[in-house]
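Both complexes below contain subunit A, partnered by subunit B and then by subunit C.
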Partner chain A sequence: MTNITDEKTLPFTLEEVDKDGAIAEAHETLERFADSRASFLKKAALATGGVIGGGAALGALASPAGAATSGDVAILNYALTLEYLEAAFYTEAGRMGVLNGPLAQFARVVGQHERAHVAALKKALGSAAVASPTFDFKGTTEDATAFRQTAQVLEDTGVMAYAGQAPRVASNAVLAAALAIHTVEARHASWIRHLNDAPPAPRAFDQPRSMEQVLAAVGRTGFITRAPQTTMPGGSPRFTG
Partner chain B sequence: MTLSAVLAAALTATVVLLTGAGLGSSGSSSTPTPPRSTGSEASLNLALRQPASVSQTGTFRFGNATTSWWAPVANAAPAYASPSPRARVVARLTTRTPEGTSNIVRLLERVARGGKLWLKVSLPVLPNGTTGWVLRSDVGGYQRTTTRLVIDRGRLTATLYRGARSVYRAGIGIGQRRWPTPAGTFHVRNRLTKFASPAYGPVAFGLSARSAVLTDWPAGGFVGIHGTNRPDILPGRVSHGCIRLRNGDILRVARLLAPGDLVVVR
Partner chain C sequence: MPEHLTLETVDVDGTVRQAYEDLPSSTRRGLLQRGLVAGGAVAAAGVTIGGLPKLAIGAPGPAQDTKILNFALTLEYLEAEFYTRATASGALSGELAEFSRIVGAHERAHVAFLKKALGAKAVAKPTFDFKGTTENQAKFAATAQVLEDTGVAAYNGQGANVTKPILAAAASIVSVEARHAAWIRDINRKLPAPVAFDQAKTQQQILSAVTATGFIQG
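Right after this comes the complex of A and B.
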């Protein structure tokens, strides 16, 4: 059976599909703000025929500072915060030894995607990128049932979050990159819904959610926590000397 | 302040708000959202905290030869001799160290018993090496590290590893024979700076290790790693049990070592 989750096993290459160069042309358009490193990534993607979406997203996001408005930067940082959450969730779940079979494969592949989203958004934001919060997943990465339920909710929320911001994005390059991530989040949502025996596409129209709604919902999970205070300037050593 | 800095600050404030919301949420278990839920409203509730019941089989061991895990203590709680609330209490975990920093424990194993997750953790009590079982809900988020500092009491050296790679080595002072530096596997509990004691140098790290001899020392005789105002007597067996480095060395180590990292004393 073909492994549909591994891009390296796709039975075709970009060159075979894109005979008239339309995809490559669109790719070039998306990369109009790209720096030399992003161009390298684009060439690498084109050369391998893989990570098409990732290459385009990276290209579009590579240097938005000159193109994005202040509102776009805020939206990108909002997206980055959600991607930090998802990436940390799947990374930890992959290390906790409770996932097997298709669920483990889902966590591995989606974790790779979320970490790639984090890297792309951080690169795009540069020094304006917010730092990663600390997380406490409260056992949901250590129990297969809790993991699959949480993953479905996180992915559904991610889809609604990106949909909620799309009309607010000013820059076409940022919008293209956000859409490239948004559709992948939708694929993740369908994938975990399928694994959970839930309808992969439950309705004809998704309901977008505002930044305030999503942040409030994420806050209520308690997954984002205050970092432990382990460093203390002025603290007096009380050990033996 | 630049526009970028303002926006970054605004988003940081968002994260702080989230942090506050997280801390304000109940730590009690709740019924997870059913996976068959299809509506957006249900999804946005994110009604997911600790799993109500877990059915994990077997024992999961945290870490390996080059990786270890730790977590802050979220609630003052008993540590039991086995994963059961009816077992003997080995020690009581506190949320703060004697220096006032967040208390952290090293994670060793995890099992599910009675529908709850239990963690075997290292305890900062005598005898060194004591372990106990705590509920998963009594610790916070997990952190992973690949950094460890190996103290060789025979050669009087400290060697810092990142994974399997040695990245720094320095000569050290250890405890005199009557106040020996204890052997064992410990972790860094905190990092102190800007204190007013030249004897500890510019930076000090508190460990989970304790002196088996100086138990009447303030706070009970915890062992630390720190600088010195007597570099002339290093390396040697010169301390009350702490590990001393020259100030230049401790400053370099301080750029590489962090709370949660492993300290192995041989």
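Right after this comes the complex of A and C.
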């Protein structure tokens, strides 16, 4: 039996996960990331006339009935960037071979999901898809304890990020996809929390976070070492390990 | 055992077959400003099938929000009552007891939130018969898994049918249902996240599944 209480809260933050002092350079990374993304998204919206092609099917999900607005393109690219990060994190952790038992299964299954989310979002965005950033996970994929703590924060952050964007989505097709992914992220968060002996569902209502809040938190980790490169559409995550 | 249980397969022995406080203030304000308490009292005591409000889906608007919120409220009544009775029965021990206690508190909070949002238009709580599933650990565990997975599918199926302020509130609830689902699945030694994309279900699909359990007496 795990020791689960209502009172127990997340014992660390994204900031604390980053233990090797790379936070000092993270603000700079965030600014580069944010600047590049802002200009990219503006260009993407202009280049596509604010519209995704009618064939923007989201994987095996909803029918792509509605064309996405420029706002939806920005939201989808934001989601894609977060999914790139998660997918790269689990893929790299799997390759490091330091995980065993239930934790290894978690990384394997969740890694598959995150890669499927990346593929669906890229397909939906088509030529408007942002390329993957370059990542440095600062050893968190090479140590089981650091991995499990980081995974919990990443998944909880994913839940808050999707919750923050759902009411901002215009297209019903995009919304259906976002909701289908949102609850899977919540399942991941609950799963890793259970493995970590933390409360899987710590409160009755999950809190949304804005794009700015999430990007700032991600920026502070220093995990993103180079902003998405707009000259390399469709690029794959590259690994640091 | 099938990886994906359905409400029908939960009932291993055939009996079923017979048979606010935590929300962001901006969301709360949005709900209040929408004046959910005003407008046509469509679903208040309206047509029900198996105790669930019947929906006819059109474009999002205040009247449709009321119907869908009452649909959600009925599902939350069911979950809340299920866990409240299971905990009261004393049949649960170990982590299942902890699960029921915590998740029950969440579902009761969801009920309170939805009732507050609906005001005078909130449907009354149905009467329930859980067919012994609250008094037996194995049945409780299997039923809880199906109820939580169903809750996720039900909320996700209504996302496009509600106005944005309601969607914001629903988004804060649905991920908690998904956390519950993953938690009970892990306890049940099932994959907590069995697919990369959770499937939504329509109101009619949910209605049929819940009605088939016979849990709602009316």
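One rule holds for everything that comes next: the second predicted complex is superposed on the first by the 160 of 241 C-alpha atoms of A that agree within 3 Å, B and C clash if a C-alpha of one lies under 4 Å from a C-alpha of the other, contacts with A are read in each partner's own complex, and residues count from 1 in each chain.
Here is the rule we go by: a residue touches a chain if its C-beta (ideal position, glycine included) is under 8 Å from a C-beta of that chain, and two chains touch if they have at least 3 such contacts.
It should be emphasised that the depicted structure is a prediction, and the values quoted were computed from it without experimental measurement.
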{"item": "First, second, both or neither for A:101, with subunit B first and subunit C second", "value": "neither"}
{"item": "When both partners are placed on the shared chain, which of subunit B and subunit C touches more of subunit A", "value": "B"}
{"item": "Which of subunit B and subunit C A:199 touches, first, second, both or neither", "value": "both"}
{"item": "Contacts of A:137 with subunit B and subunit C, given as first, second, both or neither", "value": "first"}
{"item": "First (subunit B), second (subunit C), both or neither touched by A:183", "value": "second"}
{"item": "Touching partner for A:207 - first (subunit B), second (subunit C), both, neither", "value": "both"}
{"item": "Overlap of subunit C and subunit B interfaces on subunit A (superposed complexes)", "value": "193, 199, 203, 206-207"}
{"item": "Subunit C-facing residues of subunit A, complex", "value": "1-2, 4, 6, 59-61, 109-110, 112-113, 116-117, 120, 159, 162-163, 166-168, 172, 175-177, 179-191, 193-194, 199-201, 203-208"}
{"item": "Interface residues, subunit A side, partner subunit B - complex", "value": "65, 70, 73-74, 77-78, 81, 92, 95-98, 126-131, 133-140, 142-143, 145-146, 148-150, 152-153, 156-157, 160, 193, 196-199, 202-203, 206-207, 209, 213-226, 228-241"}
{"item": "Touching residues on subunit B, where the partner in the complex is subunit A", "value": "3-5, 7-8, 10-12, 14-15, 17-23, 25, 27, 32-40, 43-46, 48-51, 54-56, 60, 72, 74, 98-102, 104, 110, 112, 117, 136-137, 140-144, 175, 179, 189-197, 199-200, 204, 206-207, 211, 214, 217-219, 221-224, 226, 239-242, 258-260"}
{"item": "Residues of subunit C touching subunit A in the complex", "value": "21-24, 94-95, 98, 102-103, 105-106, 109-110, 113, 152, 155-156, 159-160, 164-165, 167-168, 171-183, 186, 191-193, 195-200"}
